[in-house]
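In the two assemblies presented below, chain A is common to both, partnered first by chain B and then by chain C.
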Partner chain A sequence: MTSRCILQTALLVYFSTTVLAVNYDLLRFQLSSSSVECQNLLLQLNGTTKDCIKDRMNFKFPEEIEKPQQVQKEALLLVTLDIFQKTSDIFRKNLSSTGWNEIIVNNLLEKIHWQIEHLEEILEKIKEEENFTWDDRTLLPLKRYYLRIVRYLKAKVYSICAWKIVRAEMLRSFFFLDKFTNYLPN
Partner chain B sequence: MLVEVTEDVTSLASGGPQTMFALLGATTLVLVAGVPWMLPAAAGGTNLKSPQNVEVYIVDDTFILRWDRSSPSVRNVTFSADYQTLENDTWLKLPGCQSIANTKCNFSSLELNIYEEIKLRIRAEEGNNTSPWHYVDSFTLFGKAQIGPPKVHLEAEDKAIIINITPPGTKDHGMWSLDSSSFTYSLEIWKNSSSGDRRTETVYPRDKIYKLSPETTYCLKVKARLLPRKIGVFSPVYCIKTTVENKLPPPENIQLDAENRIHVLKWDYAHENVTFQAQWLHAYLKKIPGDNSDKWKQIPNCENVRTTQCVFPKNTFRKGIYLIRVRASDGNTTSVWSKEEKFDTQFQITLLPPVIAVKSTNDVSLRVYISATEESENRAMNHPYSLTYEIVFWENTSNAERKIVDKRTDFTFPKLKPLTAYCVKARALIQDEKWNKSSVFSDTVCEKTKPGNTSKTWLIAGVCAALLSIPVVVYVMKLLFRCIGYVFFPSSKPPSAIDEYFSEQPLRNLLLFTSEEQTERCFIIENTNTIIAIEETHQTDGEHKKYNSQTSQDSGNYSNEDESSESKLSEEFVHQETE
Partner chain C sequence: MLWSQNASPIRPQNLYLVVYISLMFGVLSSLPDLSDQSCTFKVTLRNFRVILSWELKNHSIVPDRYTLQYLVISIPDHMKTVEHCSNITASFCDLTDVWDVLSETYAVTVDGFRGNTTLVTCFIDFFLATHISLEPPEFDIVDFTDHINVNVNFPPVIPKILDGKVLQFYLPLIIEEQSGGIVKKYNPTLDENVTGNFTYVIDNLLPNTNYCISVYFKHRNLEEIHRSPVKCTLLPPAQDTGSSESAKIGGIITIFLIAAVFISTILILKRVGYICLRNDCPNVLNFHNMSSWVFPEMPPLEAVAFVEVIHTNRKKKVWNYNYDDESDSNDETAAPLTNTGGYTKHGLVGGLLGPTSASSATWEDCLEPYTEERDLSEPEADTEPLMALGPKPGGSECTSGAHEGRGKLLQDPFSEEDSSSTEESGDKIIFNVNLSSVFVSALDDDGSEGPPASPCFPEETYNLEDSHRLETSFLEAPGEGTQPSFPTPSAECPWPEDVLSDISDSSESGVDTGDGYIMR
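Showing the complex of A and B:
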């Protein structure tokens, strides 16, 4: 391998990282590691639902998002950001009935926020650099989903069973999040 | 028409008064019947037109429906609207929009899922008459909603202004109930006195605007934004005057560096004889509206320090984004808090140098393998930035260095000099657009190259050459011995050249020593008769004899010497006898 060939490779690597301002490989790694960390923290919260059968609810995670091939990558990022933001909003509500460890909950919020910051930066960059026409309707199915969860919590007066059901639902949403990150481009 | 009638009347004056009266009656009837025709059509008719340009206008939690009348008139026309959700096929009355005389109505009391698609229809009514429905395309309340102005509360410091923003639409189940913490705010600030120089900044709900002059009036306005596309209207302009300059300024230029297992926090401060205090906060708490002043925590080892830096262990901060602020105190007064610096722990890493292994390969090249130490592998889980390596390569004796920067961990340096020592050292780099980081150089590893195939090929070539040269040598040796033999041990054979020049036997015998002794034949003459008889017999063959002697002479050259010499001798003797 001649030194010229190495130089060319180095130049290619350097230029490709400057031209493609959004590093999707890095983003994908960050998203999957954030998702894993958040899921681990959620699992540490006590969530056995065997006494809560009557509170069970199908929140109907939006099916359109379940098939991410039809969604563009910018919309995928927007959906991912919204999932993190809404999860953070939900876990800042009244948790007093749960008896969950505050440190774990704060840790979860920190990790979620860390990912939110990075996603917001990337989306700002995409807005500046790419001529992507955003559609307000992209997020509507997801907003309906989270509204169902928030209304459910309010209706159940933030009871411990309601929280356990919601916790299980949040775990499920992270599972779907993992599926989308695979559809991000290289 | 009347004029014509009168003209007709006058022309028919002679026609008689009866026809004149008939004509007059007809025209008045026509006129009376025609009046309602000519006058504009009254509302009492069945042609009511539906409203035009119907528009839904939503700001925060206020839902307004606006339209235009189809025909401008001041009559008793009212409008009513209905709505329908996609699930329910029935049209329901839109609250606040029934029998409206104006051209707009407020239906904010509608309790509906703001993310559900709904359809509206509106028509004009007058008494029992109704216009056809005008339908509005389906929409969601959220989709049409615009962000209203946020509320701002200000507090002045000497060189900064503390702002406290309340998100727009603060109703509990309002339009932005799910999104209130997702708003981003942008602010425009300017000095009240000068017209130009407006500064635009992105701010948190509770934030500070720095770099201001003391005792100056500043004015500002704020607007909220929501991804992906919603941009709100600006709030009204708020103005405030900054206070007198404080005696103790706050510290500036806060830096956080990481070294192995500790963090070093540094800052700049002009005055002396002061103590400092540093605090930290989780950055995400800034995004949440509300008071977070009680959530700031003390950084260990950074309270009442006299130096402009403090050191604390790295594990104080887990992976995340933090804000740090510092203030100074001289016992009596304390300064205001410094500007809050944001730190992302993933950028605060020490890159450990890599480990190199060098192997010399058979074709006179060196192969370099780069790997990470175990400790840096453990760290790599948290730091997914891909590493680039800078490899420095030089010949042990010379100083000429070759530098390569690449992401690969396996390199080959080919075509080197055999049996020479080369040295390698490397360091890890992170080259990202946001930041640069490099580790120290690893230990230098030197390795000698192998002798290589070239000398082996020479060896093989030499062996082949040797093998091929053996017959050549043998041949040469043979020639040599021949030469030597020729010089020191000559052969006794006459050269062939002599045969040509000296064909006669006696001379030959004189010149050369032949191995055989020449013996003369002796003839004893006892009886001449016998000899003559022989002669006679021989004479008859005289010609023949001559011929023979000639031939024998000739043949003497070719045939056996002894025989020819014999015949010649006998011939000479015979000639002597006859004479």
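Showing the complex of A and C:
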């Protein structure tokens, strides 16, 4: 009887840890899929840049993310979370001049919001388990990058051309994010 | 480059992708076409070359040459003209060496001219990573009996848009195997700078089976996945392998049959009774308690009394007797031995009795009768002093076992002597002893009553004073005057000759003991 209880407890603990443990394979797939889905949603926002050539801008995506060398999983998750958060903040600004389909924009924001919550839960779990500390200086280039975008939009008074240029830049950022998430450990 | 098959063909990521793709299919299918009002564009990766092609929607307009310009949205430069794509008659352009970033949004302008007149101008901007169509690479297969080598032809130089681990993460190579309605996908890991022929081995295949292979790049946009035409092959039958496997299976079955027959035979014999296996074995065969079997218990210790043996070294003196009567010397029993010192050793008793007594009793056994004997020898010894020393019924080993020897060996000499001397001179035994000897026999009419039993005196169990008294008691023993008290070396125990020697030495003056002896 005692041995049976011990066996059941051991199995419960094993499966609990298995379920509660972070499955990085699944997380990598989720992040990659979210990136691709966000790209596709952005591509559905119609509008050509034919008349916006003069409004182009190099926002200088951070090289640390574009060409990562060795990234810890905590840093990778924090960068990913920050990209989603900043993208959501940008697309919550004034979009009235764009004439984009609001449904597609809302779908994009919902997708980003779901991914933000998921990443926050995972990071909270990792903080409890591994008690890691994070240096905000790693996120500084990323913050500056998104700050440039916001300033650009403000400078262009949220014009349609500015939004089209920003949309193209967001496609780039999601592409880099898709590649970046492949560095998650197995 | 040869790669072995070391990954599971179906990975969880692929399963997730299938589910995810099915959910996203509606979204992906609604991606905008690369077209404007006048042209339709298509960008393709064909044989690892980036090809941009276009087609005019209005077929009535037929330009005779085209000029292509492009710009990158994220780089605020002027429109660039591609030299090898200027004034071309073909409606496509190879931009492999021009476009080097897959993650960019390119804006392309194509002008159609006829003469000096611009007939048409087409503009398109597209995100290259999403809109590029990946045509499958060229490959060939080499079939073997149980595996297929898939050789994928990579160019000597990989285009720039595929650098940076794009082929590993973003556009992975997929090798698809189809056989009998079952599709298996393999995802070989490619190096960052893979060039030339890339060989992937699909092993563990069944001989004499048809397999079809196709290769493609997995794209994020499912619409842009283009599988290669399948290449099928029928693997040759492997006769050797089949025969060896059948032989192995037959051997295994044979072993099982033999084991089954053996076990069933044992069971039948046991059931019938030919084999009787007992569970309760006798104690001799009980090996459960191995420790006691290996280390047997020690027998209980016997009570042991320690005896302290004190060795006293004394100068030995030999009783030498000088027999004047030569006739006696011929007597076997009296057998005097002439010593070099001029004495004649009376060795008739000691020489005969030594070994027998030593084998029949120990000196401890002799101690007890001696002590009894000493008590008897004092007052009551008047009548039969030496006979009391004789064997007693129920006595110790010294007086029983050893006495037998004594009865024979001690008495025999005397009996023989009796037969020789007693018969002649009655009960008297006359020793002619040299004056230098210790004891001198005096003729006594009483005669000896019989062969005396020689007492046993362990030399280590009494002290010197006792020996004196003992000797005195013997010497002073009245009556019989025979030589039983003659201190010959013990018949059954080693006689303390040295003690007697001391006594003899101490009685130099010669004292008449009253029993016919003169003690010197």
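We take it that the second predicted complex is superposed on the first by the 166 of 186 C-alpha atoms of A that agree within 3 Å, B and C clash if a C-alpha of one lies under 4 Å from a C-alpha of the other, contacts with A are read in each partner's own complex, and residues count from 1 in each chain.
By our rule, contacts are C-beta pairs under 8 Å (C-beta built on N, C-alpha and C of every residue); 3 or more make two chains touch, one makes a residue touch a chain.
All figures in this text were calculated on a predicted structure; none of them were measured in a lab.
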{"item": "Contact breadth on chain A, by residue count: chain C or chain B", "value": "B"}
{"item": "Contacts of A:175 with chain B and chain C, given as first, second, both or neither", "value": "second"}
{"item": "First, second, both or neither for A:184, with chain B first and chain C second", "value": "neither"}
{"item": "Which of chain B and chain C A:33 touches, first, second, both or neither", "value": "both"}
{"item": "Touched partner set for A:161, first chain B, second chain C, both or neither", "value": "neither"}
{"item": "Partner chain in contact with A:44 - chain B first, chain C second, else both or neither", "value": "second"}
{"item": "First (chain B), second (chain C), both or neither touched by A:117", "value": "first"}
{"item": "Touched partner set for A:86, first chain B, second chain C, both or neither", "value": "first"}
{"item": "Residues of chain A contacting chain B in one complex and chain C in the other", "value": "25-26, 29-30, 33"}
{"item": "Complex interface listing, chain A residues touching chain B", "value": "1, 3, 6, 9-10, 13-14, 17-18, 21, 25-26, 29-30, 33, 78, 81, 85-86, 88-89, 92, 106-107, 109-114, 116-117, 120, 123, 134-140, 143-144, 146-147, 150"}
{"item": "Residue ranges of chain A touching chain C (in the complex, touch as defined)", "value": "25-26, 28-30, 33, 36-37, 39-41, 43-44, 46, 48-50, 53, 56-59, 67, 165, 168-169, 171-172, 175-176, 178-179, 182"}
{"item": "List of chain C residues in touch with chain A within their complex", "value": "12-13, 16-17, 20, 24, 27-28, 30-32, 36, 71, 73-76, 79, 102-105, 107, 123-125, 127, 129-130, 164-166, 168-170, 220-221"}
{"item": "Touching residues on chain B, where the partner in the complex is chain A", "value": "113, 115-116, 140, 142-143, 177-178, 181-182, 184, 227-230, 282-284, 287-288, 318-321, 344, 381, 384-386, 388, 402, 404-407, 411-412, 414, 431-433"}
